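Listed next: structures, encoded as structure tokens.
What follows is chain A paired twice: with chain B in the first complex and chain C in the second.
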Partner chain A sequence: MSEPAQTERDSFARVEAGMKRRRAAERRFRFFGKCAVGLGLGFLVILFVSIVGNGYSAFWQTRITLDVAIDEAIVDPAGTRDPAVLRAADYGALIKQSLREMFPDVSGRRNRFALYGLVSNGANFDLRDRVLADPSLIGGKLSLSVAADDDVDMLMKGHIDRDAPEADRRIKDNQLAWIDALEADDRLHSAFNLDFFGNGDSRDPELAGIRGALMGSIYTLFVTLGLSFPLAVAAAVYLEEFAPKNRWTDLIEVNINNLAAVPSIVFGLLGLAVFINFFTLPRSAPIVGGLVLTLMTLPTIIIASRAALKSVPPSIREGALGVGASPMQAVMYHVLPLALPGMLTGTIIGMAQALGETAPLLMIGMVAFIADVPTGVFDPSTALPVQIYLWADSPERAYVEKTSAAIIVLLLFLAAMNALAVLLRRRFERRW
Partner chain B sequence: MTQTPLLIVLLLTLSSLAYHFGRKRAFAVSAGRIRTLHSLPAYYGLYAALWAVIPALLVLGLWLGFEDTVITRLVVGSLPPEIASLAPSRLNLVLNDIRNLVVGNIVSSEPDAAIIAAADRYRELRGVSTVALFAVTLGLATIGGWLAYGRIRPEQRSRNAVERIVMGILIACSTIAILTTVGIVLSVLFESIRFFQAVPVTEFLFGLDWSPQIAIRADQAGSSGAFGAVPLFAGTMLITLIAMSVAVPIGLMSAIYLAEYASSRVRATAKPLLEVLAGIPTVVYGFFAALTVAPFIRNSGGLFGLDIASESALAAGLVMGVMIIPFVSSLSDDVINAVPQSLRDGAYGMGATQSETIRRVIFPAALPGIVGAVLLAVSRAIGETMIVVMAAGLAAKLTANPFEAVTTVTVQIVTLLVGDQEFDSPKTLAAFALGLVLFFVTLALNVLALYIVRKYREQYE
Partner chain C sequence: MNKAKFAIAVLSAAAIGSAYAQSARDYISIVGSSTVYPFATVVAEQFGKSTQFKTPKIESTGSGGGIKLFCAGVGVEHPDITNASRAIKVSELEQCAANGVKDVIEVKIGYDGISVGHAKSAPDVDLTRKQLYMALAKQVPDPKGGDALVDNPYNTWKDIDASLPAIKIEVLGPPPTSGTRDAFVELVMEEGCSEFPFIKAMKKSDKGAFKAACHTVREDGGYVEAGENDNLIVQKLEANPDAFGIFGFSFLDQNRDKIKGSKIEGVTPEFETIADGSYPVSRPLFFYVKKAHVGVIPGIKEYLAEFTSAKAMGEEGYLSERGLIPLPKDEYAKVVGNAKTLTAMK
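Now for the complex of A and B:
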């Protein structure tokens, strides 16, 4: 009888001997798993920190307070106060004059040019708008706060190293001295960057804003939403509620699943070949962007809408049919209203996807430099992600923070849309 | 064109009038006994409204689609023969001048009399077309509404008629997916065929030299126009490989950890957070790769004495891998969760530790699904555009060195098509040929992946 006990003990010992190794393997495996999750989340954190760290400063802007004497001889020599004359006047001369007055000992063409370079080119327009709004300022003195040049802005934000050799610095020694003098005189201050939200694109970083791109994105999304929601809901209702099971509907179904995974740039090629070359719609217009993004987001929304319809229990349909509704009435009056919140959630997620999409818009020419804010779906425009792409390519240091700031705005919009989707789902989700 | 919104508003007004009168007529013909009506009164109204608006909208759509083409033909036909017989590319320039004149833009050179005349004719034709469009659509709407109105009787089955129309609309909407696919295939195929007439297919698919610049003058140097796409395919594969070697281990391990080990609280926070990675626009990743990752890799390579290009395949691949982590992890998570609990319980009953169960039982059982997930991720990586456009560079080099700059199919599509180009040079058409390859490769990967996933699912259901 001792033999079985012996083997039992032996096998226990064998298992026991391996346990240490196996437990270590278990701990290692678990550790790898934790590492993987940690790495994934770590990347997310690095991404956000890098973007926010680069971008938050763009929401502030260095401004210079100038005392501008509005000389009637320059602005309105004839004294007519005619808006056309006032609009065409040389306000740049006034700004330059006020800078010269502040630093009277600056001489020589090159030095003066460097001095004028401290102030943004947009100062002229600020002054013009002030004068046009209130012609009684002419002849008087005005304390005007104007945007500083992007290099000054970068210096004040610490992106330009004061101690670097002068040849490597975009702000030269004489300019540094003037900036210090301005600062000592309390004429330099930092203010919320309204230009960033109010202006279109510009070649001057301190004037460049996202308004044009944002409006372009909004128009594009407007077209996308207006087309894709009804189309997707109709398609989903047919496929889920009425379609017979046959080859044709199978084909449609396979098609939708595959379209959802086609690279977005291919949709751009489609838009270029069909909408622009064949139907000769205008290039760079939100209408074409909207059409392309509609085709791109349709599969997503159809799939979500079908899931929403599927989650409505058959008893609802049967109840409606039982009291004499036709199948169409049962769907339209009873099933569809119950599925609508789910469909809307899917639509918002599709819209968020469309808002972040860049590649197809490059194909249809929404990548041009457009300074004007678009006013309709046929105007040439860019979109927010395309603006980010354009700015990311610009060499000036100031565009780095502009790009990051535009990304922050884009991400905020996406977060808001996703939060809305989650909210809708929480509010209307029903367990049957 | 610009009056289209006005026209649509007018049509909708007509249609709502038709609804109103149709409904009223239903009450009238029932002579107070609504029970004698076959359908609810609103259906009679809808019947009239739909008949008013749908034919008119169809005509409007077709008209707008073909108006420009027809007018352009007519204008070209009326041009003097010496202009009309120009080569197509030159003719397009002339047409552009005419269009610019019509819109009132400044034209580059002083326009000659023939072009001004053509512009006048263009403007005149467009005016005629607009008037005709208004007359035809509004007339159709009135006639359609009137005919439907006349047919309203108590025994008329208007609900069935309305439902048939609505069903027709639903079916039409559901075919848009097919139309899109057909549109994609046709548009890339047609341009590709034109491209392959200039460049042989074999040279495109197997040529080792890619330099799409074409000489404008015959004596220009270095612009031979070579269209061998192998370096692009190689670059795409290199970057995809790097991306996958980041995304697959991290994605798979986090899926396993979240599905098998993590407490439900950790899972509920970590999973959505990981999925945020998939929701970030690719242009953001591209910026991140170019601004943060590429310099970091370049500098750390410098520490080891490595010479790394500032636009290296490594930077683009790494960031793309990060983007793809959630695709791998959430798809693998699904398949791991689909493995029946009985398999786990069986393994535990045999005395296996948790990691042994996962490695020896769950992983093999979930493998087909995981392979499907990885294939989907590969197709996503191949088609990804913005990251590589911003971080991978343009040099078409045939190299397997991840520290060098390579270029990909999508990068070349973007660089060939962004900017002003004539539409019929091989250079532009090459982009469509690349698009064709891209479409079919990703399609094949998707079909394969969906097939594998579906087949696997059936096993356990």
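Now for the complex of A and C:
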């Protein structure tokens, strides 16, 4: 009679005794989990803080306001107002003249060069564009805001130490005095850096912009998306819904999985051999970049799409077939729409991977100095990660902040792509 | 119906592709050395802005890689110009000729110094090439005497020479793929090891052993490969005042507030000392033009004129602001003449 109660009590006691240990184990496990998440977030915060901290100042730019007298004798001596003449005129001389007028007591070739060095080399092109747009300015006086030289910009942003000995400073004592005079005269101000978003690459840091690389990335991804999404979805649908299960399809499946793990540089070599050397497509063009990245992202999208198709319940197919739909109709109207959100997720993952890729682009010549903003998929262009790499490798100090700013732009681009994916998924998602 | 549409689409796509391939390229394509890249890009940008031509496209492929691409053939799919931080080799010119690239115009643009430097906060040192060789080679002559090579026994600079500080040997430098490394090995290591008579004798008797003795850099932590990125080396030097770094002169010039160049054989790396040849570690820079492309690709002649103009390559030109050491006057005059007449190499 007491026998079973005894064992019951025994087992209760044993469970009771083990309870503490089990709870502790669970607490430990949760604690480690929290630690892992915390560590990950911590690194993310460090990354963001260092990048944003280094890069935010690149979105502002020091500009100098000059009063430029547009001398007809220099710009258009014959008075023809012919655009070709206006284009070829020496606008640098006008900028220099206005600087000399501001500081009339600067003498000597060396000192004058130091003075001219305060404004960017791009100032004369700004002036040229203004005059070309409105020839009536000739003969008058124009108040022009031009970008300051990158060294002046670095000084104003505090990256050059004023108190360092003169020999160690890229801004000399006389230049410091002129900068102070300009500041006192309210001619020096900080403005939003439109050049950064409007220009292509440049070897003058104050003129270098992200637009060329951004457009290059957009064109490249456009080609990649346009080719890889339909191809991958078609391949996935065929393999998952129609293909017979035999040794051949097994072989194909293994190969697709292997391809997903192939280092990207290999696709670059393939692209070089096939698209450039055999099909003689142009080097450095987004079309070739897009084709190479298509090869790279195809397996990723195919695998994700097949998983999405697998997760559609068989009852949907059977229902469609049961009411008389053909297999193709069942797939096109019933299975595919339900699998689409998953496919889109896979596509976005693949595209994000493609956006950050530089190794294959190296082989096909997209790692290059390209100043003109590309206007089509056949124009030479770079991509965002390539631009980051090129700037990180440039000797001028001002490229440090540009590099971080380019990373910020890349991350925003990535975030925008992911947001789009989430949005699309929300729209199409079905739950059961 | 659908099949026909598909076929038409494929055919037209192929037609567009081949039509593009046949049409001429309207921008100059340049490849080559990463050392010349920062100078060539400045010229290209200036050229693109001040003329009606498109801005040339410049790829940084390294000198050897550039010459290989350049010599692959004549035609729009091949580059027009290659930059090099060394003179083209005879074997490379033969390769060029074999592929139909017969006339090549050589343009020497100036000199580049290689500096050994360290953080501003560290004390000044005066090094010789022999000391650098002894600090960095994998195998050095036995310090106990005799004509034998032993694994590098030196741990601190003081072990090498009593005049040097007693700090651990730690030098950050470029990896073997870099032109800067090639030049450093050739101009410093080889010169330094040739100061030992028995190694110098090896050059004649056994070239392979000579190269192995002079060109092999130690792998026990004394030499740290810091990647192609010279900026990174500058940052690391600032953080570690005991370490030395090897980088191009333009990086020293841009970061004078953070790092300083060590004297080599008593001469500091300065603009003037490199230009007059008294600083021992400098090398000439070149670019090569495919003559067959002049007149086919628009703007090559004008690009040559811009690069060799006094406002670019001259003594006070914009390239000297970027750290290029200009050519002496008579040499410069010769280069300008060659570029004007498009005289090819013999």
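Keep in mind that, in the parts below, the second predicted complex is superposed on the first by the 390 of 432 C-alpha atoms of A that agree within 3 Å, B and C clash if a C-alpha of one lies under 4 Å from a C-alpha of the other, contacts with A are read in each partner's own complex, and residues count from 1 in each chain.
Throughout what follows, a residue touches a chain if its C-beta (ideal position, glycine included) is under 8 Å from a C-beta of that chain, and two chains touch if they have at least 3 such contacts.
All figures in this text were calculated on a predicted structure; none of them were measured in a lab.
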Clash-or-fit label for the pair chain B, chain C on chain A: clash
Contacts of A:Ser326 with chain B and chain C, given as first, second, both or neither: first
First (chain B), second (chain C), both or neither touched by A:Leu411: first
Chain B versus chain C as contact partner of A:Val367, first or second or both or neither: both
Contacts of A:Thr280 with chain B and chain C, given as first, second, both or neither: both
Per-residue touch tally on chain A - higher for chain B or for chain C: B
Partner chain(s) touched by A:Leu295 [first = chain B, second = chain C, both, neither]: first
Touching partner for A:Leu142 - first (chain B), second (chain C), both, neither: neither
Which of chain B and chain C A:Glu396 touches, first, second, both or neither: second
Those residues of chain A which chain B touches in one complex and chain C touches in the other: 279-280, 365, 367, 392-393, 400
In the complex with chain C, residue positions of chain A that touch it: 113, 121, 125, 160-161, 164, 167-170, 202-204, 276, 279-284, 365, 367-372, 378, 380, 392-397, 400
In the complex, chain B residues that touch chain A: 65, 68-69, 159, 163, 166-167, 169-171, 173-178, 180-181, 183-184, 187-188, 190-191, 249-254, 256-258, 260-262, 270, 273-274, 276-277, 279-288, 290-292, 322, 325-326, 329, 351, 353-356, 358-359, 376, 379-380, 382-386, 389-390, 410, 413-414, 417-418, 423, 431-432, 435, 438-439, 442-443, 446-447, 450
Touching residues (chain side chain C, partner chain A) in the complex: 17, 20-21, 25, 27, 29, 37-38, 40-42, 44-46, 48-49, 54-55, 57-60, 77, 120, 228-231, 248, 250-251, 253-257, 316, 318, 322-323
Touch list for chain A against partner chain B, complex: 15, 22-23, 25-26, 28-30, 32-37, 39-41, 43-44, 46-47, 50-51, 54, 230-232, 234-235, 237-239, 242-243, 251-252, 255-259, 261-267, 269-270, 272-274, 277, 279-280, 295, 298-299, 302, 326, 328, 352, 355-359, 362-363, 365, 367, 385-386, 388-389, 392-393, 400, 403-404, 407, 410-411, 414, 418
